[in-house]
Amino acid sequence: MSSVTSTATVTVTGHLMDTGVLARVLDDVLEYGGDYRITRLDLGREHEDESTALIEVRADGAEKLDRILMRVQVHGANPVDPGTATTRPAPADGVFPDDFYSTTNLDTLVRLDREWLRVGNPEMDCGLVVTRGDGGDAVVRTVPVSDVRAGDAVVCGAAGVRVELPPTPARGEEDDFGFMSSAVSSEKPQALLVRQIAERLREVKAAGKRVLWVGGPAVVHTGAAPAMVRLVRAGYVDVLFAGNALATHDIESALFGTSLGVDLAKGSGVPHGHEHHIRAINTIRRAGSIAAAVETGVLTGGVMYAMVAAGKPFVLVGSVRDDGPLPDVHTDVIEGQRAMRAELHDVGFAIMVATMLHSIATGNLLPASIPLVCVDINPATVTKLADRGSAQAMGIVTDIGLFLEQLARELAPE
Amino acid sequence: MSSVTSTATVTVTGHLMDTGVLARVLDDVLEYGGDYRITRLDLGREHEDESTALIEVRADGAEKLDRILMRVQVHGANPVDPGTATTRPAPADGVFPDDFYSTTNLDTLVRLDREWLRVGNPEMDCGLVVTRGDGGDAVVRTVPVSDVRAGDAVVCGAAGVRVELPPTPARGEEDDFGFMSSAVSSEKPQALLVRQIAERLREVKAAGKRVLWVGGPAVVHTGAAPAMVRLVRAGYVDVLFAGNALATHDIESALFGTSLGVDLAKGSGVPHGHEHHIRAINTIRRAGSIAAAVETGVLTGGVMYAMVAAGKPFVLVGSVRDDGPLPDVHTDVIEGQRAMRAELHDVGFAIMVATMLHSIATGNLLPASIPLVCVDINPATVTKLADRGSAQAMGIVTDIGLFLEQLARELAPE
Amino acid sequence: MSSVTSTATVTVTGHLMDTGVLARVLDDVLEYGGDYRITRLDLGREHEDESTALIEVRADGAEKLDRILMRVQVHGANPVDPGTATTRPAPADGVFPDDFYSTTNLDTLVRLDREWLRVGNPEMDCGLVVTRGDGGDAVVRTVPVSDVRAGDAVVCGAAGVRVELPPTPARGEEDDFGFMSSAVSSEKPQALLVRQIAERLREVKAAGKRVLWVGGPAVVHTGAAPAMVRLVRAGYVDVLFAGNALATHDIESALFGTSLGVDLAKGSGVPHGHEHHIRAINTIRRAGSIAAAVETGVLTGGVMYAMVAAGKPFVLVGSVRDDGPLPDVHTDVIEGQRAMRAELHDVGFAIMVATMLHSIATGNLLPASIPLVCVDINPATVTKLADRGSAQAMGIVTDIGLFLEQLARELAPE
Amino acid sequence: MSSVTSTATVTVTGHLMDTGVLARVLDDVLEYGGDYRITRLDLGREHEDESTALIEVRADGAEKLDRILMRVQVHGANPVDPGTATTRPAPADGVFPDDFYSTTNLDTLVRLDREWLRVGNPEMDCGLVVTRGDGGDAVVRTVPVSDVRAGDAVVCGAAGVRVELPPTPARGEEDDFGFMSSAVSSEKPQALLVRQIAERLREVKAAGKRVLWVGGPAVVHTGAAPAMVRLVRAGYVDVLFAGNALATHDIESALFGTSLGVDLAKGSGVPHGHEHHIRAINTIRRAGSIAAAVETGVLTGGVMYAMVAAGKPFVLVGSVRDDGPLPDVHTDVIEGQRAMRAELHDVGFAIMVATMLHSIATGNLLPASIPLVCVDINPATVTKLADRGSAQAMGIVTDIGLFLEQLARELAPE
């Protein structure tokens, strides 16, 4: 390793004390093998005031320092002297230069010459690619590694990149909804949480934004499909991300009255009733698509029917455990991610129910500025989502069946 | 070990095939080191018919055979030639003779001379003590080992004891409620389950029976106390078993508006707010008892208030993790078990919510003939309850807060 | 529905009583809306004898009856008069005829004319496609719905299909390993289980069979990669199925000494250290493949390195939550399933550690005759695997890190 | 509520930034309805320097302010002007004055006149009682509410009480062991953790301190009793806290070779084998005590035998779900807590395995200065322990069977 010590000063502003942001920045400097000195701290005296810190970061060598600088941007800490960005050409299709800038999911700005350019579509773990528009103006986009092309101009190193934290209220100022950002817990007044989410969904719709749902098959297993259908009809589901399982179980239920072996009307279990499952898939494959099955009268009920009937888009992405799959399912997962990205426009709120795989997949794509709620009976799902960097995730550990039933009562009373 | 082979023939009647009872009997014979031969099997041809099996059981020596015979009675299999019961005096207070008959939780009959005497209070893992009534008539009671007195006549060995299975419908005949006896699952239509339990509670009350609730502190944490209060007021909670925690959190909530650090009206978390907890306990200790705190106007709301106001009994039993405890809490757990037993009379249905400790404790005391539902967000609670021998347990894995809210909407609409 | 009652008689042989097979057959008849009469039952008197039952099954109409007959084949119950199979042409690419025979994962035979033809590759939830070999001989293969081509001759209905249960010892006869087939449990003597699995792996290798491993990223997170490497070197890992995550975390650990933020040598956590993750992927993408990175000296350690060095194949299949992915990852999940099928030849034992997604995916593809062990700290993974029909699954709920460490001590002492 | 604003200034010193302590203090002020102004902050410039903050706290009225001042002492924040303590007589046996000072588990000092007196036995959620020694010197003890006597002088309000945080190294300075204080995780290199705990146990013994174990019945179920016995014999178990279950299952295993239905040598499950359980209890009851059963040769193996043979004390405390119980079990839980307190002297390390109930009970009694490790396959146990205020708890989510096996290999090789 290098024996030269490199230094840089970063600044971070916000509710540094009572949100723990400063502690996390310092923590990361140490974790990445650097050291720090707080050179200045302008305290917010009253708790509603923001504070600003200047932190001198030291590391062995420029490369290590660069890593730390990129790292602490996750918490909104930017270099005081950001310099201008360097780009290098991608060495091959699907490959970034070695020292590419790895993105956060925060609002990001890049300075190439004098001006700061805002990156259009923040997404974490991507590269930043600079292109020239028709008028010669530079444009910066996040590009996942699989989509970069040889020769693309990729931002490298930490210089010339700045991020912006989403505005967070100080502790104590938070609106009624904010409290959910505190620890994941099954020990919260659940009925109150449902009402607060209903209120938030009304606000999002009133603001002309779209509501994104991400769902797992338990939506059907817990008997909550009718509640979900009511939410679709009432206009609270603008786009749905799911896998083959939710759609197949929903369609199986509509066609056969069962869902992987549960007779939903009677409640009786039909263990391992896989063949209904594969027959449902075959029926839709024969029709050509879910929409075609709706048009030809083959499919006349359920969540997927309601989405088609309401003219709302859905993106189904496959997994290695899928049977079939349904003809609408993207069997290529990278294609599936592209289809999901294409439906993130104007999303103002995301709600994820009963799926770890698709929730994390969506969390990976969402910018930090879009609030999201993750609802699951398994605390690990919510915890993992937050650990992956979706810090804006609010978790509710509860039963999906009763949750959707009560949400539908609030928003779409029968 | 003995080299003498002892044999006996047992008989079992019921829906042997489609309920798996026969398989379990044979399984246990092998597990306990014996062997079997099915000597006769009168099949129920149609599935609604009952079947009867005669099974010859072999084991090395009489003691091992006796163990097997006691064991298979758990499944309702009785010896064809039961003989008459032998009693031996308890060798000391709190000690059974070595070969005491260890009870099941099934309806049990004992033959001392010619007549079969019904045991008044079936309870598992107890002994059977024979006493003489005023007129000289023999009476047989289950007695836990801690309550036996030196010299008590305790039934020993397997002879002269017979059990009766509760009637179970054949598969396919079951009433709407019956399906819950199938596997524990979070993948059931939850809203339907709530309606079925509501219906069952109405039937139990209409039949003049009492409803026993067993609850944990999550009843309060999940904000479900108001729903629980409505159920108390509507007469659906005849007796409540709980620990120090449920009562303290409920009272803390009534006195301070918090429950171990959750501001229930606002939903905000107050992490580790223990001192409210211990202050609430101190306040009730000063009043002398929960009822006294109600009478003197110190306590004016919550579940415990509602129980006192409705004149309904509760039994609080302590645990080693308790703070305080409240003055009403039995700090001696064996005394606590006695107090619980004293409140089992006329119970027609038991519902256990969000507590593993008290659910299993109650399950240990209940006869198999009393149906019970166990509701918990943690599947392990329900599974453990069933594993402990409470085969009549039906499990629902769901969120307590939403469950109680919806049950109250069904039974006690606002 | 049809008002005509259709009937057929099925027969099942084996340890019907003490394994619960008969109960499950009867159960399924009722669940699928049929009814039954046991017309004959030849009992195994002694518990080691097999029994044979004849069961008359009734249902409303031939279609419903056909469904039941297909269904009970899951338990090894075959029609007494199987008739000959009917085939119909697939109506389109990727579509079966409506009444296609949906396969079990049991050894399966099909009778087209007189002779019973054995299906080469049992797999559940597929169709059976008949082709003519060069000499005009018929061959029957399982074909997943996505692989069927228009015009393929697909077996329809239940006639002419017979299945064979894998031999199961009676209760009490089981070998040392057999006990694990009993309920999933974390309450088993774990050290004993490890020794038994080690013994089984030695036997499988001695018999010239291959050992298939399916692994999740926790293999790396728990610090078990060195133990896994020793198992690879000792020849106990013939083929590895995994996702992008295991391989990336392993490679990240080899390149940077971290795995998604855990410094494995020091044990310290580096929360959200995603950029190491994406840099590791980029490095391998630049090399072209994992094998190329090994050849060029870029990758010099870890599990994936060990597999390449040992000349052992691996199949990596992507998921929608993947970053990157690595160049070796199948991004099309259906292609990935095909690649997995191609590596099932000569597998004599499958061991699945710490991955629900890939374990279920593999369980879907494996015939019932291949024993498998599923090891996970999460009981739900094992339970779900068994529920999906992989009845041969044996579950161990334990910690992967300590499990692999102890297995390596048994099989590949340092 | 009062309309008068009360203010006080508190000071806190330590690694305020990178440990998040300051954030937590400010958080609590807001949560308890107060407000703050940071009046001075002397920064540790380098990360190894300590910082000191002065915080002015405001609240509506003196009572609310007092509550906040008591509350923030949990984090080591003391009033700048502590004043002298006020005592008031306990109004009745088992009742504190209303405004009693509720203790933390930190080292605590009380100033009555001029001098600061150190409280001998820190324990949370207690009161502070002042007594006069023989020479007239004041002594201050923590007293649980159940043990206070009418007229005892109880410290009231926040004045005159000061706490001391245990020394914590700055982030990055921590010894090899320290990292475990970071988040609970199953994704840590488990084999490394075991070695670190072994090292710590050696150090604790070398320092002449006692090691306290708290155990649940899974120690026996997982087959780890022989490993535990080796640890007892090697001197690494100075005192054991447990319930009736661990001791009974251990003794059942020693007497019958089973533990609630698991044949430990063979690994076979004996479901619901309760009667062995109750017979084991009866046998010990007959002997009079566990020690008596050892002396008379009735009990000749297992963990409890090893403890008796090694002359090491154990404290068994009962619960409402107990059968029997064993004669050594404290059936009164408050008596049980007293017996546990009496065995905390000289404990230098506490290790809790596989029991939520007894782990939390012990955590409630331990001062914050005693490090503790909690090992459980269930993450909730560790999380709950930390939430209860045992901030010094380090959690390991792993399998008890393999954990104890490996720990015994490190410390007590066969």
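The letters A, B, C and D name the chains in turn, as written, and every chain counts its residues from 1.
The definition used in the following text is that a residue touches a chain if its C-beta (ideal position, glycine included) is under 8 Å from a C-beta of that chain, and two chains touch if they have at least 3 such contacts.
Chain labels with UniProt names: A, B, C, D = ornithine cyclodeaminase.
Remember, predicted model here, so these are calculated numbers, not experimental data.
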| item | value |
| --- | --- |
| Selected pair, greater C-beta contact count between B-C and A-C | A-C |
| Farthest-lying chain, centroid of Cα atoms versus that of chain C | D |
| Whole-Å gap between the CA centroids of chain A and chain B | 45 |
| Inter-centroid spacing, chain C versus chain B (mean Cα positions, whole Å) | 39 |
| Chain A-chain C separation of Cα centroids, rounded to whole Å | 32 |
| Shared-contact residues (touching 2 or more other chains) in chain C | 268-269, 271 |
| Contacting residues of chain C [partner chain A, same complex] | 31-32, 67, 70-71, 74, 91-92, 94-96, 98, 100, 102, 124-125, 144-146, 243, 263, 268-275, 277-279, 281-283, 285-286, 317-325, 327, 331-337, 340, 357-358, 360-361, 364, 378, 380, 387-389 |
| Chain D residues within the chain A interface of the complex | 17-20, 22-23, 26-27, 29-30, 35-39, 41, 43-47, 171-172 |
| Chain B residues within the chain A interface of the complex | 176, 179-180, 182-183, 185-194, 196, 218, 221-224, 227, 262, 264, 266-269, 271, 377, 397-399, 401-403, 405-406 |
